[in-house]
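Encoded as structure tokens, the structure appears first; notes follow it.
Labels run A, B, C, D, E and F following the written order; every chain starts at residue 1.
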Amino acid sequence: MLVGVPDESPERRVSLPPQAAKRLGDAGHEVVVAPHAGQRAGFSDDDYRAAGARIDADAWSADVVAVITRPSPDRLAAMRPGALLVGFLEPLDPALGHILRGGQLSAVALELIPRSTVAQSMDALSSQATVAGYAAVLLAAQSAARLFPMMVTAAGTLPPAKVLVLGVGVAGLQAIATAKRLGALVSAYDIRPETEEQVASLGATFVAAPTAEAVEGGYARQVEADVRQRQLDALTPHVAGADVVITTAQVPGRKAPLLITTDMVQAMQPGSVIVDMAAGSGGNCEPTIADQIVDVAGVTVLGPTDLASRMAGDASRMYGRNLTALFELLGPDGDIDLDNEILAAACVAHRGELRNDRLADPVGHPS
Amino acid sequence: MSDALISGIVVFVLSGFVGFELIRKVPPTLHTPLMSGANAISGITIVGAIIAGGLNQDTTATILGFLAITTATINVVGGFLVTDRMLGMFRRKLPRQ
Amino acid sequence: MIELLYLVAAALFIVGLRRLSHPATARVGNALAALGMLVAVVVTLVDLDAVSYTTIVAGMVTGAVIGGFLAQRVAMTAMPQLVASFNGFGGAASAFVALIESGGDVATETGVTIALSVLIGALTLSGSFVAFGKLQGIISGRPLSYPGQLAVNGLVAAAGVAAATWAIATGESVGYWYAGGAALLLGVLAVLPIGGADMPVVISLLNSFSGLAASAAGFVIENSALIVGGALVGAAGFILTVQMSDAMNRTLANVLFSGFGGGEPAAAIGGDVTRGTVDDVAVALAYAQSVMFVPGYGMAVAQAQHAARELADALEARNVTVHYAIHPVAGRMPGHMNVLLAEADVPYDQLLDLDQSNPRLSKTSVAVIVGANDVVNPSARDDPGSPIYGMPILEVDHADTVVVIKRSLSPGFAGIDNPLFYSDRTVMLFADAKQALEDLVAAIKQY
Amino acid sequence: MLVGVPDESPERRVSLPPQAAKRLGDAGHEVVVAPHAGQRAGFSDDDYRAAGARIDADAWSADVVAVITRPSPDRLAAMRPGALLVGFLEPLDPALGHILRGGQLSAVALELIPRSTVAQSMDALSSQATVAGYAAVLLAAQSAARLFPMMVTAAGTLPPAKVLVLGVGVAGLQAIATAKRLGALVSAYDIRPETEEQVASLGATFVAAPTAEAVEGGYARQVEADVRQRQLDALTPHVAGADVVITTAQVPGRKAPLLITTDMVQAMQPGSVIVDMAAGSGGNCEPTIADQIVDVAGVTVLGPTDLASRMAGDASRMYGRNLTALFELLGPDGDIDLDNEILAAACVAHRGELRNDRLADPVGHPS
Amino acid sequence: MIELLYLVAAALFIVGLRRLSHPATARVGNALAALGMLVAVVVTLVDLDAVSYTTIVAGMVTGAVIGGFLAQRVAMTAMPQLVASFNGFGGAASAFVALIESGGDVATETGVTIALSVLIGALTLSGSFVAFGKLQGIISGRPLSYPGQLAVNGLVAAAGVAAATWAIATGESVGYWYAGGAALLLGVLAVLPIGGADMPVVISLLNSFSGLAASAAGFVIENSALIVGGALVGAAGFILTVQMSDAMNRTLANVLFSGFGGGEPAAAIGGDVTRGTVDDVAVALAYAQSVMFVPGYGMAVAQAQHAARELADALEARNVTVHYAIHPVAGRMPGHMNVLLAEADVPYDQLLDLDQSNPRLSKTSVAVIVGANDVVNPSARDDPGSPIYGMPILEVDHADTVVVIKRSLSPGFAGIDNPLFYSDRTVMLFADAKQALEDLVAAIKQY
Amino acid sequence: MSDALISGIVVFVLSGFVGFELIRKVPPTLHTPLMSGANAISGITIVGAIIAGGLNQDTTATILGFLAITTATINVVGGFLVTDRMLGMFRRKLPRQ
């Protein structure tokens, strides 16, 4: 099959880096890459040519078009009927259905890959969250007034920075690990009770606050108002004592839960930092404004939505790996076998026919 | 008590102490071979069998003597050989060739 | 002179036993003990002024042929029962020696020693053969219990002692035969109720008894070789018995009187898995050529990364090659194992990913699974019905021996059972990973 | 004595943070702080007031004026005759002598504090280099295309980033330690042979390249041309193989030695990063331009000169500690006891009288 | 019966000796052995049909008073020489017993045993008192050597054997006295050349000899208590002697014949510092209440942070409180110790800075300096002439015991000598820090 | 050789084995106390001294007997007491009170 890799600027990542193009070529597929598609991730057109790909402005008319973010409708119009679109397609947005139906397109939304053991090699949410969790800590460390590690020096003893991670999914775990590596004193909290053990498994401390068996397909559910209030109350002192807070809590298809109010931010020491990784879905922190730096009484609140893109090279490499694993499930011309559990879960449209249940209820199968 | 008995008891007790002190912590893999080797040593009763059997008093005694010598020899010969076989296997089993 | 040569034989026994208890010298130890036996036998034969050598030669040849044949031909798996039978023969021999001496005029003192020799020897004989039968599958391995068991055994024992006392008092040698008969019965009754899995401990105890019987026989014929040799085995065998029950986390009394430890013989305790002790695993590791650690989420939960590194250091100090196989989804986050092993300062070149590990695993002596489960589950490879079918796994079942360290048989993240645990190459070490690894470090330093 | 803390904007650090002001107050001194002097480091005027300091625009007329960087001549004019100026004064610049003489001023240049065991608590070069070394690694990690740690993941195995540190002084050691914490594979090189053991003491690898017993007062000397060439030759393959290079090599009073030529940069993989911490004194890397981002064939070359300032809070805390330790050596009104070895070494002017030998040869006493 | 009671005494000796070799049971062991001695003496007295008890009572009372007095009054520091003198008395007693028996008609066999008893006993007597003199400072501790030393000793020994042979052959009992005289001379000549520092090993060897002398005396009077007790001490004492020379990294032959190990007695080897072994330090740590680790640049160079953490874990498992004192300038960069200890996952709350450490150090049982030097140099506090005078230090010299682990006496970064090493509270453990800490972990698990 | 001698040798050898096996790895701190304790046990020669001294043959023998008993008693009484004193100190020295 012919795989197209369009130029998605201003996005820095690229859906298939040269290594992935080479793997697809070795598997007998043809890859066409738009000029400069990989440049912002550190991959030149020559690298692609060396990997056996063709450089051609028309990457949209391939059998399978691999993207990272959802393309605009006019770009999709360039796709040929029956072709397959793969990427983070934001499957909850009804606008998507309209376009796909119109273009007779098939589409696989990577957000809907089940979070199960077998599907993990195609789980692009995980791979990108890994990069983002790491990048969030670097960003926090640079923005904080304190050094992370403890240092007993001739110029005084610097205590270790206190880092609090709220939401212990993939990104949260990576943030815990990275902050711990840098020498911070790390504690963490999540609504799912099984995360307590996971936090301990990274040598960090779990914060005692309400948890709930609130899981659907591995994801957290939205929780009731009284639980929310008890959560806030329990977290307040921990947030106030932290030098750095990194929040990652999300509930698929909903606005991100509010875990830090403006009052709670004001109770923090000036010079502290909050990195709100849920900014894209509304933020876990009240004052957060996506992609802006907000100063609340000396506390810096950051809401970056492009964290994975900041490490575009490795992020693209991992994304490309996920896609090539996914492509192994496809038929010779990119056909989708709907008997396959993974494809059945992630396929949002098949030759223009919308698979509505998936659009309506975006939570995957339980693993 | 006869002198022989008393000196026998002294020897018995001292040997017992040696036996107790001898065995330090043994790795479990050696439990069976050690048991087997010790069992072969308990075949020392073969010496008694030879002495008693060689006296050749009457038919019963002769038969008993033959039985004693035979069973004791089985214990000694079989015991040492089988221990050696086990230990040979043990050595070979562990490092891969 | 003969006494001094016996002393040489005894010294050889002592040195031999000492060496037998250490892996590196065990074989030489056995040879030394055998040499001691040769010395004792030759000295005896030379010194003997026997009426006839026919019986002696006939008996020794017959015994040597039978013993040699059995020792060479019996399958390795049947070793424990073979040892049991040899032990029975030894007990019988001591009883016979005493019975020969029971004819004619016998001093009270000698009578007591004859009685002890016959009683212990006969008990050893029958007990050993019941153990043999249980291990060989001739008698059911299940513990056989009935009400009043202990009382019955007590009665039989009392009968034996009574018969012996009568014999000593009256000089009626037939009383010793009765006593022997009672002891034979007691041996059967005492061993029958014990489960097949506990037989090794029972054999070891009976082995200690056969030493005592030999020693008693030595008192009968006033022979120091028998007294010394028998006492040595009696004491050493007893210590060994205690260690064996310790290794099963049982007391000796518990083994003998509880009727527990049921099921079939062999080391299969707790289901169909093979359960190992720290010492078993330590010996396997200490003498391995190459070891592959396979860490999983359990290592992280136990925070056992430092202990793993220590164990690796201890093994490398013994020239064992060590690597770590990291599965792409081990743990609960991408790179989970990496961050922990980096913290423990494991050199990067010892970390292998899936593609590097699998070819190596088939050349690995021991694979040590530290709290991993799903990532080494062979059903992902072999069972198309498994929910994780198709996921590439670390093929640890290609290693010579697999050691799995986890706390129980509970499943991992995917919630499915793992056939690896039931493989006959696999030894389960049920413990917290950190504790187990630390214990292994301590144990390895002993070997 | 009266200690003045002027506002040094745009510098973000402040010479004496509130904690230091409190310590001085406890020791019986008076502290006057210019309004907003600490703000960019996270210290408000209220914090100073709470620490017992006076807020007053005229901080320049104190007995002792504590600065971080050398003030402009017009600011110095506000100092009263006989007063003492303490800070990083760039004592090699002849212009300095002129001003000090004119104003009848005394001055202690922190650059000249001996690098000896007793003087370490006053060694502000060390404390600021510690912060800078840490910050340099964070900057490099954010700018690099690769994640630092090794990760075996379902989306492929990411090898650890290779970090090369050139120049193993205080900043270099801290950079090694920080990069190693983040999981990178770290190697390092310095001209002084004793650094080999120091590199190993952080678990990193020493790169075999020429070293020389080229030490004066603990500092490296300039080395001969042929040694320089052999150095470059030996470093070339290591630089080419590195994902990140951090250079810190300095020779006091001279232009920083050239360790990486443009050719060597071009031989590196696109996406790699060089952080040149010697940019302020000319740079160790040929293409470096101070405080700019230079792209050489896909390799990012950074020459930040404000690294310590980026962590202004902790950097100021440590600096303040150094100063309070130094002040303990001064007489009641800030008099300098020239019999004291440390003060004798660091005092560049005494009541307008230039201590010329120090100005001419800026290398301190051997420790 | 008396033989069996002697056997009881022997059993008590055996159990006592075994317990004496373990720290936790040593005192009980000594009591058991003393009880055994009491049994043996009482049994003997009861059984004895002596012509006169006067000598016996007089001798025992005199001996008990002298022995008791010495044992209570002698300073603890003089213990080794006291043991030497006691040992000499023991040797003398055996020789005397044999000499008493040498009067009258004596069989050749008995003659041989008398000769052995006299020779060994006399040698022990004089050798022990020379050792006593050396330790007490009466005789110079320096090894005293002259050419042909071995030849002279050989001649004296030959003379002793010749005299004894003559006595045995002719029955002239005076020959035994000559033999004893020669042995006395030999004892002096053999011990004089050995350095004072090696005296403990020599005493231990002579102790083994005095056991043999007692055993020989046992043969003379055909008494099993002496044979058994003497042989026990002879063998156990020999093993102990070998262990003692091992602990000094010497072979026994090297100790006896090299004339090395000069200088004054006491454990001062290699200058004025007290050099400790891993075992010394392990015992001190194992029974400490609180331990403070003081890491320095040497820990970093040795990359011993993981080993330090392991040792801390092992100590905490024994309920020892553990902290780490971090000096502001320890290592070669600010925060050097922190980064390493964080890697080894040492909990932050165990890390103390200067201000937190110093008050605690005076309440610390053992301070373990791991490759630090300048930061614990008391001259920074005490010696105004020192180049580092005025720098605050970690006041480890306030701890009860200080253990310094480094490879040599070489100075640290500041290049100055450190008086701490020469303090009498300080034990130097010369080794690579990682190796030393790992050895300590292994050793501590034994106690 | 007399029977007594032979059985003496047997007993001697066995006791020697017990002595050899008895002493495992001893911590150096216990070297001196153990040596002292063992030394006290070697004072068993006191039994010989009592037996020989009690015979009371002639003056020389009496004097020798007195000397033998006295020296042996010093060894025994002094030896056990001093060992106990050392061990008492050892225990107290280590944990700080």
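Please note the rule applied: a residue touches a chain if its C-beta (ideal position, glycine included) is under 8 Å from a C-beta of that chain, and two chains touch if they have at least 3 such contacts.
Keep in mind it's a predicted model, so treat the numbers as computed, not measured.
Colleague: State which chains count as neighbours of chain E and simultaneously of chain F.
Modeller: Both chain E and chain F are touched by B, C, going by the contact rule given at the top.
Colleague: Report the chain whose CA-based centre is farthest from the CA-based centre of chain C.
Modeller: Result for max centroid distance from chain C is chain D.
Colleague: Go through C-F and D-E and name the pair with more C-beta contacts between its chains.
Modeller: Looking at C-F and D-E side by side, D-E shows more C-beta contacts.
Colleague: Over half of interface residue numbers shared between chain C and chain E means same, under half means different, so which is it?
Modeller: Result for this pair: same.
Colleague: Which one of the chains is farthest from chain E, going by Cα centres?
Modeller: Chain centre farthest from chain E's centre: A.
Colleague: Mind checking the centre-to-centre distance between chain D and chain F? Centres are C-alpha means, answer in whole Å.
Modeller: 73
Colleague: Distance between chain C and chain D based on Cα centroids, please, to the nearest Å.
Modeller: 68
Colleague: Taking each chain's centre as the mean position of its Cα atoms, how many Å separate chain B from chain E?
Modeller: 41
Colleague: Quick check: how many Å separate the C-alpha centres of chain A and chain F?
Modeller: 81
Colleague: Residues of chain E touching 2+ other chains?
Modeller: Those would be 10, 14, 18, 224, 228, 303, 328-329, 334-335, 339, 342-343, 345.
Colleague: Two or more other chains touching the same residue: where does that happen in chain A?
Modeller: Within chain A, the residues that touch at least two other chains are 120-121, 126-127, 130, 149, 151, 153-156, 158, 181, 183, 203.
Colleague: Residue numbers in chain F touching 2 or more other chains?
Modeller: Each of 1, 7, 10-11, 13-15, 17-18, 21-22, 24 in chain F touches at least two other chains.
Colleague: Taking all chains into account, which pairs touch?
Modeller: A-C, A-D, A-E, B-C, B-E, B-F, C-D, C-E, C-F, D-E, E-F
Colleague: Please give the residue numbers of chain C that touch chain F in the complex, ascending.
Modeller: Going by the criterion above, the answer is residues 1, 3-4, 7, 10-11, 14, 18, 224, 228.
Colleague: Give every residue of chain B touching chain F within the complex, in rising order.
Modeller: Its residues touching chain F are 7, 10-11, 14-15, 17-18, 21-22, 24.
Colleague: Quick one: which bits of chain C touch chain D in the complex? Just the residue numbers, please.
Modeller: The touching residues are 326-330, 334-335, 337-339, 342, 345, 348, 351, 353-354.
Colleague: For a test of understanding, state which residues of chain C touch chain B in their complex under the given definition.
Modeller: 9-10, 13-14, 16-18, 20-23, 26-27, 29-31, 33-34, 36-37, 40-41, 44-45, 48, 50-53, 55-56, 58-60, 62-64, 66-68, 70-72, 74, 76, 79-80, 82-83, 86-87, 89-90, 92-94, 96-97, 99-101, 103-104, 107, 109, 200, 203-204, 207, 210-211, 213-215, 217-240, 243-244, 247, 277, 279-280, 282-284, 287-290, 363, 365, 400, 446-447
Colleague: Note which residues of chain D are touching chain E in the complex, please.
Modeller: 116-118, 120-121, 126-127, 130, 170, 173-174, 177, 180-181, 197-198, 200-203, 367
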